[in-house]
Every structure is written in C-alpha cells, then in structure tokens.
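Structures follow.
Two complexes are shown next, each including chain A; its partner changes from chain B in the first to chain C in the second.
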Partner chain A sequence: MISEPPATLDPTAREALAELILGVADDEFVIGFWDSEWTGIAPMLEEDVATSSIAQDEIGHARALYELLADLTGDDADRIAFGREPDAYRHAALLNHARGDWAFSVARRWLYETADAARLAALATSNWPPLAQLTAKIRREETYHRLHVDAWLRRLADATPDVRERLADALVRLWPDAQQVFAPLQTEEELVRAGFLPEPLRAIHASWQQAVRPVLEPITGTLPPAAPTMDGRTRRTDDFLWLHGQFTMVARSEEGATW
Partner chain B sequence: MSERVWEVFRQEDEGDPMIHSGNVNAPDEDLAMHYAREFYGRRGESHRLWIVARDAITELDDPDLLKPPFDRSHKKPGGYLIKHKLEAAKARATKAGE
Partner chain C sequence: MVTTTIHDAREQRVWEALAAIPDPEIPAIGLVDLGVIGEVRIGPELVHVELLPTFVGCPAIEVMRHQIEERLTALGVADRVEVDVTFATPWTSERISPAGREQLRRSGFAPPVMTSGPAGLDELAVLPIAECPYCGSRNTTIDNPFGPTLCRAIYHCAACRQPFEQFKRV
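Moving on to the complex of A and B:
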C-alpha cells in the first residue's frame, strides 16, 4: 500500500529525500563520465557514437536529478555536480573503478544497468510525485540502455575464450562492489516509513541478485555470497580522485563564471 | 568483428513514406537496431525506422531492363493533349460541388 505524501515536507523528510536522490544522481553522473572515456576509441565507429550517446544520456539523467535535489535543498545543480570535494560524492563503490578494457566496461555497465533498473522500478512508485514522475521519464531511456548492454554481454560471452575470460574476470571482480548500488542509507527508515521509497533497499537488492545470478553464473561460475555494506557509498579510490579532477577541471578554471 | 552493412530507412511522421537515410555497420541485428537509432533517431527526428541487411536486398541495375534501347516514349504520359479534358473535368467538379 502506498501512503499519501505529506502536503509539505518537514526537514526530516527533506533530508531523507535529499540523501536518496543524491545517491542515484551521483551514480548516473559518475558512470556517465567513465563511459565518456570511450569517445573516440570504442571498438568501431557505430559503437563509439552509441557509447558516447548513452554516456551523455546518463549525465542528462544526473542533471535532472541534481535539479530536483537543488529545488529541494535550495542549492544549485551545477554546484552540487561540480562543486564538491571527492569525499562528498555518494556514488556506489561499483563506480570507483577506472574504465578498464572493453570487457570491463561492458561488465560494469551490465551490472549497473540491471541494478539501476531494479531501483528505478521501485522509485517509479514513490509517493513523492516529483520523484515518481522524473523516474518514469528516466526509465524510458534506460530500457534502451539495458537492451544495448545486454546485446554486448551476449556477444562477449559467446566470443573467443580470451574475450569470454576477460568478461568473466571483470564480472567476478566487480561483483562485490555491484551490491553497493543498494547500500543502506542513513535515512532509509524514514524514507520507507514516509513511502518515498516503496520498499527497503535490501528487498530490492534481494530480487535483483536473484534475477542476475542465472544470467551471470553460466559465464562466471558460481558467484560468492555478497551483500551491500554500510560504507558502500562512501568508499573512494585513486581512480575516482583522478576522474573527479577531470570532471571538475573546467568548472574550477573560472569559479562562478556563467557559461 | 565480422560486420554487415544495414540500410536504414526513416519515416518522419505516421503515414509519411519511408525514405532511405544511409547505412550502418553492425555485427548483428540487435546492434544494427541500436546503431540505426543512434545515427537516425536520437534527436527525436524519426517516427519509425526500417533496418534492412544489405545482403537481403534484391538489386536490379541491368540497363537492358531499366534503360531499354528502343524508343519507349509511348509509355510516358507526355505527348497526350489532355489540358482541355482536365479543364472540363474541373468545371464539372466545381459545378457538382456548388
């Protein structure tokens, strides 16, 4: 049952929604930047255009989410996107890794797209209308992203042994960090109680894992038990520090400028 | 990667003709669809795309069949004086509509 949203948001509700939206937005923002690293060097021209376009879509979703967040907290979307120190970002540990080779990028995007789809399906029934409406729009594009990366996962899985092994290695390596898309939030109890988040993240995680194991295990062999942890969205790596330096470079070059 | 060429046709609006737009290279049907979408549809400019493997197209370019050597001008509509007939038909139509 979906409870009625409160007419006005009290500070507790606002804070909870802000934490939820920030995590989703940072995920989209960071994967968008990692995948844009393929522009100009993807395996073939057509794929170069497709990957770049999908990366741009993700940054577009991040922009819409940052704007929603800015409205909620009285902040500025550009400042949230480019004006934070690295340890203030809240993306999942899955997105802490550098782009790697093509198999690694496909493995990461497949894990991310499936996890994101599970999360968005839940957020689409959020009882906070602005979030439910934006999620519905985002999902229309994400369906296509998922079909695209699905096609690539199958191609690599059915390719030569070397390719298949690279894919399997990447999936195994990323498996524990992929769980962190569902890392618990500090305000989660409030989010569920208020109906902003229709079910707890651990429930969404459980059904996601149950759905992806049968697809992945024929490629990887049995995957170990893995679960989200409290630090799933706060851990940072040198790879991310490098990426942060890259994506904030232009904004930092002329602070407060109007572009 | 073994690639095939796929010819792409696009339709701007429902009911418009499908117009050949160009082609994409792709290893299979699934990726051909994605690439066609990226090249000919990502700006919202298309209502529908047709993606056809080039090797599935039957081509005819034989000049003996398409540009026969004899005078075939009698098969073209030119040379027939129908101006007066048309004017008369228009007049009848206008009168009937009054």
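Moving on to the complex of A and C:
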C-alpha cells in the first residue's frame, strides 16, 4: 500500500523496524476494539457516535501500520491482525484491561492518548520515510482524540464526589500499566543507532511522565514512582483472551473467506 | 488548494475522468476537487495516480482506488493503470478547491475553515461555531466533534433550526 519499497534495508534493520511497528499497531488495534465495546451503550447518544468514530480511527491506523509491516516482512496485514495466537500480540499492559465503567474508559484513553502523542511525535521524525510519513498523518487525527478525551477528563474531575472518586481510582489503578506504552524493545539499540527511533523510549517516557503528573495529581494525589519494564508488552490477561476471542471470531469462522 | 498544469490532450482526458469520479461518501464532490488526487504520471504504457486519503482509516479508499482503475482503464490512454495510496504528501483540508467547497456547502456540509496552508498541530481544534451551510448564520453550536464519518463534525443552527455537518479541518 505504501509506495516506498524498503528494498535497501538489511535484515537486522528490517527486524528492528518490524518490532517497533508491531507494538504501535497492536496498541491501536486493541484499544480500538475495547472502545468499540461502547457502541450502542455509551452514556449518551453523542458520545456513542464519538467513541465509535474514535474506535474506527484507531482500527484504521492499525490497518495502515499492519500494511506497512506486511510490506516490510512479506506477510499479509489481515493475517497479522487476526491470525495470531494471543501470546503473539505486543500491545502494552495498559490495554490488557476490559473497558470497565465510563470513568475507567476515560482514564485509560487519557493515559493512552497522551502517551501515544509523545511516541508519535518521536516517530514522525524517524529517518525511515514510510514510518515518518504515516505517523505524521496519524498525529493530526489523534489530536482530535486527545482534545476530546481531555475535555472528558476535566468534566469527570469536576463532577460529583462519586464520579471524581471513580476517575481517581481508575487512574491510580492504571498508572503502572500506562508506563508500559514505553516498554523497552529488544531491538531498541539498533532502532536508535539507525535513526528509525530518534531517541530511546526511556527518554520519551521521562518527558511524558513529567508532563502528565501535574495534570493527574490534583485528581489522584501523589502518584507513586513507576517505570516501564521488560515484560510491559508480553503480559496477557483473561480480559485480553476474551477480547481476542471476540475480534478473531469472524476470521476463524471461515478461514480464507473473501468477500 | 492544489493547482495542476496540463500539458497535452491525453493528460487533459485523464484529469477530466478523475474529476468526474464522485467521492463515495459525499457524492456531491469529485475526487479532484476534494484534493485526494496527488501526482499523476502518464507514460506510454502506464498511468500512475497517487491517492491521498483524507483520513488514514477512511473506509472509502478501496472504493476510490477501484473507481480510478476502472475509469482510467476504460479511457484507453495506456495499457495499465496503477493507483498508489500514499502519505508522502499528507492530505490536509486546504487541498479542497474553491469549487469543491461550494459543492460541499450546496449539499449541506460546512466546508473546513479556510487557511492559506496546512494547519500546525496546535492549530487543529474543535471549533465551537461553524457557518450554517443552509442559511449562512453563525448562530450555531457544536453538537459533536465526531460525526457519522471520520471526517465530519455535527453542529446545530439556532437561526434556521437545522442540524448540519462540517468537514473537519485536518
């Protein structure tokens, strides 16, 4: 789908780029499916439309990233999206949780959107043009998601004590897992050396955490120290196994079907 | 807006054919006026067309691709037609032509805010007001920054009491 053929990349570079792209794509794919769980049952009609639209955007971003990955590795985007066992997905631990109540979904989306924005800002300056071009375009769309969820965070934070407490509880519970959007990659040294990733993930993480603490702590109180860990993208939960069963259901029901 | 210099009759026919293809989701506007056609290269055997998605996840892209292939193949100016979906030149809303903006307005969509160049990231915003495409009033309120498709927001006009959609600035 992307015009630039990655013919000049050696196998090491190709492997590193594939690991980087897979994590971003799986994040977008999994949050898109979690948010699509709100379609029809969001707290108000307007939000039903908005959440569904955002979920569709995320799955669209995942599709474009899977296609980029498929071009790189000679695979098939649909196979990557729907044909893997749960253990082979590389989304961050933040996306292992079921959607929960509305405050939980807002808390998760806010943490994800801000972390994703920090990561996309870095990827948009990648020296591998296909990745830089695609993420630059995605960034413009994600800006609307971020503005939207930021308005929701403030709305819930200023609501009744019960609502504020649910939001604060969700943020505190998700805080450690949110760090995992920046979990170290096995090929990270190569990614940074080659300029595919302009700075190490721990550096992007540090500036993200510094920027979000002053927004979150008035709601949650002081948040504990937290850092990404090596298993941040390999942990799985029963919630995710359930979601995997849902999003692969149609693909499994008639393998190789076309329409 | 995007301007193109036309060199010969073959090129003219290709651009006319592209301009006549309607957007699958908003048929009132054609693909050229929408600004989703990037560079077009016309060789003796191959016509190569760049297609620039308005949104990365736009589900209409494959429909557009097929229609371009079909129309240009039928035109018979070259043996092969190749459509490349690319983000090398990102689609931004000021790529919509003045005629395209008018076509949007006539079919009930407020066109995106007009600017001379692509908006910076910090300039992208959900605006509280859009000009009503039916009566021109600015006595309007935003109902939802996310509408029935990825590229549209929903407003309501207090003057003519009509809900309407705006094509988002992106």
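By our rule, the second predicted complex is superposed on the first by the 252 of 259 C-alpha atoms of A that agree within 3 Å, B and C clash if a C-alpha of one lies under 4 Å from a C-alpha of the other, contacts with A are read in each partner's own complex, and residues count from 1 in each chain.
In the analysis below, a contact is a pair of C-beta atoms (placed from the backbone, for glycine too) under 8 Å apart; a residue touches a chain by one contact, two chains touch by 3 or more.
None of these values were measured; they are calculated from a predicted model.
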*asked:* Should chain B and chain C be called a clash or a fit once both complexes are overlaid on chain A?
replied: clash
*Once the structures are superposed on A, label A:E46 by its partner contacts, choosing first (chain B), second (chain C), both or neither.*
both
*In the superposition, chain B vs chain C on chain A residues touched*: C
_Quick check for you: in the superposed arrangement, does A:H148 touch first (chain B), second (chain C), both or neither?_
both
*First (chain B), second (chain C), both or neither touched by A:P129*: second
*Which partner does A:K137 contact after superposing on A: first (chain B), second (chain C), both, neither?*
second
*Identify the partner contact of A:L185: answer first if only chain B is touched, second if only chain C is, both if each is, neither if none is.*
neither
_chain A residues contacted in one complex by chain B, in the other by chain C_ = 46, 49-50, 53, 144, 147-148
_Which residues of chain A touch chain C once you look at their complex with the stated criterion?_
1-4, 46, 49-50, 53-54, 56-61, 63-64, 129, 133-134, 136-141, 143-144, 147-148
*Touch list for chain A against partner chain B, complex*: 43-47, 49-50, 53, 144, 147-148, 151-152, 155
_Of chain C, residues touching chain A in the complex_ = 50, 53, 55-59, 84-88, 90-92, 121, 124-126, 143-150, 154, 168, 170
_Contacting residues of chain B [partner chain A, same complex]_ = 1, 3, 24-28, 30-31, 34-35, 37-39, 42
